[in-house]
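For reference, the structure is listed below as structure tokens.
As written, the chain order gives the labels A, B, C, D and E, with residue 1 at the start of each chain.
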Amino acid sequence: MAETPKPEDLYQNIDHTMPDEAWEEIPPDLSKGKFCYPTKPKNLDYLDMPTPTKEEWSPADEEWPIPDNWQEIIHEGFKDRLEKYRSLKIFMDVCVRCGACADKCHFFIGTGDPKNMPVLRAELLRSVYRNDFTTAGRILKKLSGGRPLTKQVLKEWFSYFYQCTECRRCSLYCPYGIDTAEITMMGRELLSLLGLNINWILEPAANCFRTGNHLGIQPHAFREMIDFFCDDIEEITGVRIEPTFNRKGAEILFITPSGDVFADPGTYTMMGYLLLFEHLGLDYTLSTYASEGGNFGLFTSSEMMKRLNSKMFAEAERLGVKWILGGECGHMWRVIHQYMDTMNGPPNFGETPKSPITGTVFENAASTRMVHITEFTADLLRHNKLKLDPSRNDNKVVTFHDSCNPSRAMGLLDEPRYVLNSVCNNFYDMPENTIREQTFCCGSGSGLNTEEIMELRMLGGLPRANAVKYVHEKFGVNMLSCICAIDRAALPPLMDYWVPGVDVTGVHELVGNALVMDGEIERTMDLRFEPLNEETEEDADE
Amino acid sequence: MNVAYLYSLIAVVVLGLIAYAGVEAAGLDVFFGVIIPYLALIVFLIGFANKILDWTKSAVPFKIPTTGGQQKSLSWIRQNKFDSPYTTGQVVVRMILEILLFRSLFRNSRVGFGKGQHIAYKWVVWLWLFAILFHYSFFVVVLRHLRFFAEPVPFFVNFLEKIDGMLQILLPNLFLSGVLLLGGALLLLLRRVLLPKMAYISRPADYFPLFLIIGIAVTGLMMRYLDKVDVVRVKELTMGLATLQPGIPEGGISGLFYVHLFFVSILVAYIPFSKLMHMGGVFLSPTRNQANNTRAKRHVNPWNYPVKTHTYEEYEDEFRDKMKEAGLPVEKE
Amino acid sequence: MNDKNKIIAGLVIFFLAVLFPFWFNLIFGAADASTAPETELTDKAKKAETCIAETEDMRTEHMQILDQWRDTVVRDGQRTYVAEDGKEYEPSLSNTCMDCHSNKEKFCDRCHNYASVDPYCWDCHTYPEETE
Amino acid sequence: MENSRRRFLKNAGFSVLGVGAGSMLIGLSAHTAKAAGPDGGQRPQFSMGDKAMEAERWGMVVDTRKLNDSLCRKMQEACHSIHNVPEPVGESARRDQIIKWIWPTEFKHAFPGQEVEFLAEDVAHRPIVVLCNHCDNPPCVQACPTKATFKRERDGIVMMDFHRCIGCRFCMAACPFGSRSFNFRDPRPDIEDENPDFPTRMRGVVEKCNFCAERLAVGKKPACVEASDGALTFGDLNDPDSDVRKLLAEQYAIRRKPNLGTFPSVFYIV
Amino acid sequence: MLEKALRGSKKYWTWLLALAVLIAIGFFFYLRQLYTGLGITGMSRDVTWGFYIAQFTFLVGVAASAVMLVLPYYLHDYKTFGKITVIGEFLAVSSVLMCMLFIIVDLGQPMRLLNVIFYPTPNSMLFWDMIVLNGYLFLNIVIGWNVLDAERNGVAPEKWIKPLIYISIPWAVSIHTVTAFLYCGLPGRGFWLTAILAPRFLASAFAAGPAFLILLAFIIRKFTSFDAGTKAIQALAKIVTYAVIANLFFFLCEVFVAAYSQIPEHTAHLEYLFFGLHGHGALVPWMWTSIALVVAAIILLVIPQARQNETTLGFACVFVFVGIWIDKGLGMISGGFVPNPLHEITEYVPTVPEILITIGVYAVGFLVLTVLYKVVTGVKEELAG
């Protein structure tokens, strides 16, 4: 953080003028602070992935520890993926370079680096594709836009495929739906074939494989954390909650990202869930084995994603639950919504999810059997099943950050807003072209939430922060809500940097604040132990 | 300054000169009037089918639509049916909107840095407008040319000519589509040359078809208004092609026509090997042509293979003691 | 894969559309469509041998000439046209052109229909057959 | 060969510039150059012809004393038949949308505002034939947005270019004499005997008397004048020796609506 | 921003659909008119302009009235109008569009339309009308859109907008002036041959346009959360008051000149309109209704309590709008043609196809207006949070 320049300076230095040299001529900037640290060999080992070296190495090194036949490996891998993914083939072939995507990328807006334009990011791969796999490329060579795969190209891939958060914003604007997330995924898979991976992704992945969650929390510690939250809840509300773990025969299995168990402010969201379930008297259980909703495999390869994801269905089957309820997380929901059933389904347990409280059948989750917590809560609110006192959130002026994945890979837009409008009185949306399906990434998604690239993260998060700043200044917004664990980790430093005075929260933390529990004591504090009444009186006067 | 366009400009000019010289000086009428067009068509058909089948061969492992609006979830939440389709019917509508109205391009915006650290995203319609103008006028121009390839001329061609030539301008009557095509192509070209970002990302392969199409439009208009050709002879030639009885009409046709025909042939043959395949690809884009209903209907991945997982048994084996200690239930005591 | 059939069906439809000229002419086409219809010359026209300009020029430029005629006659009132070869004509579609080419159907229409050209001359100007 | 080489050079030039996209203008100027000097022979030319009657300002004097119903019919018949003026018949015909080039009317309608009280019975009921006045200062020409109606500076005839008229009917609102008619429908079905020498009009354009410009060009007087048995005199108003000037010098003649300053070229002897 | 027009309630889409049906019907009859000629209208040799041109004349006024918002806001910095200026500008856009469509449907040979440009004729008022209408359309679209867009994005409008705004002010006056000149420069048409025609047109425009804007503001308030504000509405009401009084005054001046001088060419038309001439009097009840409406409106508007009460103000605005519509949309054009310069009487009554085409054109205008207003209210709601 110390090295990061002041916000004003960073903002002033954003330069969108194009360089004089062609982009192919410009080597990637792999100086310190511009790249994520490569993964530690032990993680590769643990996950049975190719390991280039047992030594520590740095992308800043001139020579990388890659096998001699690396070009062949990439070529074969590329060929394999072209056959496996029609998306890749089509996206390689049809781009007309209309430029619609260019200024849609938060990294381009923030950095002005032309290779952060989605079109050029894809062109990094496409140039090699043309050279190796097309007739025109073989005949016309450079004129067709092809180029051979050199070490510099490989370094470019490493640099720029780890400057993309797979947020899919460009894909929304592309007339052919070219999705840079797909391109980046393929690029990262290819890099993985050489063992070129970043630690901030592979360490959580290895943890998750072993302990069930990214943070490597072992079962007993997991339980202790939750019990600790229950103590806090008792202190704040006077209600004692005793959640169950790995309980067979529960109706519902609840899975949430482990960030909610281990990192503020996600923990307050966890407390919100617990309060909600207690309020309803829900027959649910938590699992220490499937204690992670998130899936860093998504940021590595589809195989790794499948390996990590398999635990959800397996655990649901083992416990014999009817269906799964999923907590607030972004990329977790991309995996659940678009991949899980295909990869690890069809499920061998349960039935089409049905809310035990309202009787609503979630037909849209008929096959995957997994419901998003805001879908569940919105339904409860619609049926007036919750006793609420929204004024307990009156010290907060709230806005909502649509996380990329639920927005553009799921279409979950109105449910969280419905919940927010029910549980708090001061809600303002950010400008329209920065929310919902047009939402901007937090700048740290897809495994880039790592300290060593802080400046890049601040620049990538600028469009999001700038929109928050707008409502902060206009409506006095001081609380940025979201439904994503990575957001809850990435947005606080982003806010501190660009918009000091805005806190970050999960939607269900606000639900927990507003819920009137049976037998509760008069609440004087919110779930963060912050006093409730300070600003409420002022508001009442107005 | 990116001068990628120079390569393409020169290429197109040279191609034009080759055809002109080939016919006017070397008398290669048959080559440019019969052989090349047939060749181009064959290359197009084979190349196009090949490309599409090649795409078809690749699997669609996952359902990955980009959702542009509210999903279908609770009955009382209004689904955005056409940006986040749930049924095949809704997908069809989404595709129609995409292909016929360029829905996604319509969203286009431009980022701008305002005063006082304010970033604005202005809706801009120009790219969409130019693209619509260009594609639709091109389509009409192509359809209108059926008058050269069908005898009797089908009714819809006559109808189209009536509408297209509705305004009585010039003699022979000006077809608006021709002018719009030229205008649209020029605007797209100017955009590429003048906007720094566009110039930076553009390659010779982006300029080449544009110059080619501009060349086609200009030679077409020239044949109609400046160095006029005898349309009846042109039709004799084209009908010969269409009825597989090719021949060069008596009296010949001016070289300009062959330049036009050569440009068209090049364009047609060029399609399967270039970005112009977007005309087929847009139908197959997995982020657009799939329904957002994966949680309700399982999508099957044809190459789904078993992977190494960390089973609960392995997990419990590793942590059994700690679990017992923490009071967590275990399968094996 | 279940979309393979759909894609191939689409491809077939597309190719049918692209190859429209070939099957259309085969099924509905007139025989001999690759030779332009013969324009018939009336005896008078045959006798005159040349029109007001070279045949080659007349084929491509007649509409411009008529356009020029109508403007000059109506707006300047000049009703005599001296052709390149020095011969004089009355610049009039009905009275000069149609006098010689009194067989509109067999002269004008054949080419116009072949080339799908529908001039609006006849909205106002009459031609011999019609008045008979 | 010479020819084709020249064309090659020209077209090559076009093509180069053409694909470079600026060629249309250059092309156009080259085309004009071609029109100026085509292959062989001289440029075709237009002229008036030998038989044409010419004048500086054509005018007409109507001797209303000689008019009667049958003569008026005869004149109208002569005019309308050679100019293919439709005569709608049958029930569907709307009289208020009729086309008239020349027609008889009553004194009070021909000369509104000039009715004299106690007008002689004979004058009041005498048919007065009216037509376009071919004003020296025509308001219709001023109003026309496309110059479809224009005054021929050479002989003062106010003409209609049927090809150019867009049918806005501004000229009809501007004409204070109601001399103009609009083709509210296709005129052809209502023309009994088409005169092939003169075009018909199509629906949607304005038309009116043209002083038989097409007849003057071949040395004939206007059809109505020929059919008038001497009631109508036609000639050059700027020529002091012309028949019309002589007549005007002898007789007191009036014009329609002189106060409007349009200076009609048709005079009436009452 | 146009995206906002693509998202709306059922009511919104039903309304658009209804308009589309009207447009389709109108278009069908227009095709018939195109095919058979203007003979299917009520127009005739003597009454060569009818309903179409009358609507055009009326709508030019509505379009010009946008200046009543633009001028106080931009020249006098009258902030109250800031919120609704764009509403006025977009009303102008749809009105001008309708004007152009009315001219086109009135043409006998619309396919030769561009002859006006190919053969420019500066001595024809129609040529100038073409220029001012197109210019005004361009100005209002560009200004309205850019200012709204800038407002939405929280940035200052482009610099080059400012001069355009200043140009738009005299331009608004010019469109109605030129339209008046279409008529008042014609010899032999006594009814129009008056120097006061342009001022009278402007007065009626500044009454009917703002009255319509007030009504629109009420409607917008009913269907959206966007409120023009009482202050703005009251300011508009005052403009309506002055303008409608001026309009009546100008009209009475005309009546005086005709009645006192007793020149038949001038009196005949008024006589025809208000009392009937030689047994022809199709418009007599209409014209008296118009007078009654305008007088009633003036009474309501000059009483402060009635003007400030939004119900009575609403009625007054309807009266003004309908009264002036009858005056300009029915009486003004027919009245000028009857009797004709030869003192013959051919009455004009629009035919059913003519009315349906007219409705179709209005439907196009309202469709555009609805879509534009949807964008405006969407943006305003978005900004309000």
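Throughout what follows, a residue touches a chain if its C-beta (ideal position, glycine included) is under 8 Å from a C-beta of that chain, and two chains touch if they have at least 3 such contacts.
Quick caveat, the model's predicted, so the values are computed rather than measured.
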Which chains lie in contact with each of subunit C and subunit E? B, D
Centroid comparison with subunit C (C-alpha atoms), farthest chain: A
From the Cα centroids, identify the chain that ends up most central relative to all protein Cα atoms. B
Farthest from subunit B by Cα centre, which chain is it? Let me know. D
Top-ranked pair of chains - ranking by C-beta pairs in contact: A-B
Could you work out how far the Cα centre of subunit B sits from that of subunit D, in whole Å? 55
Distance from subunit D to subunit A - Cα centre to Cα centre, in angstrom: 81
Compute the distance, rounded to whole Å, between the mean C-alpha positions of subunit A and subunit B. 33
Would you mind pulling out the distance in Å between where the CA atoms of subunit D average out and where those of subunit E do? 37
Check: subunit B positions touching at least 2 other chains come out as 55-56, 59-60, 107, 118, 121, 123, 168, 284
Within subunit D, the set of residues that touch 2 or more other chains is 202
Listing for subunit C: what residues touch at least two other chains? none
Residue set of subunit B touching subunit E in the complex reads 106-107, 112, 114-115, 118, 120-123, 125, 166-169
Hey, which residues of subunit C end up touching subunit D in the complex? 52-53, 57, 70, 72, 74-85, 90-91, 94-95, 98, 123-128, 130-131
In the complex with subunit B, residue positions of subunit E that touch it: 1-3, 111-114, 118, 149, 153-156
Contact residues on subunit E for subunit D in the complex? 36-39, 43-46, 48-49, 103, 106-110, 112-113, 115-116, 118-119, 121, 123-127, 130, 182-183, 186-189, 264-265, 337, 340-344, 346
Using the touch definition up top, name the residues of subunit E that touch subunit A in the complex. 152-154, 382, 385
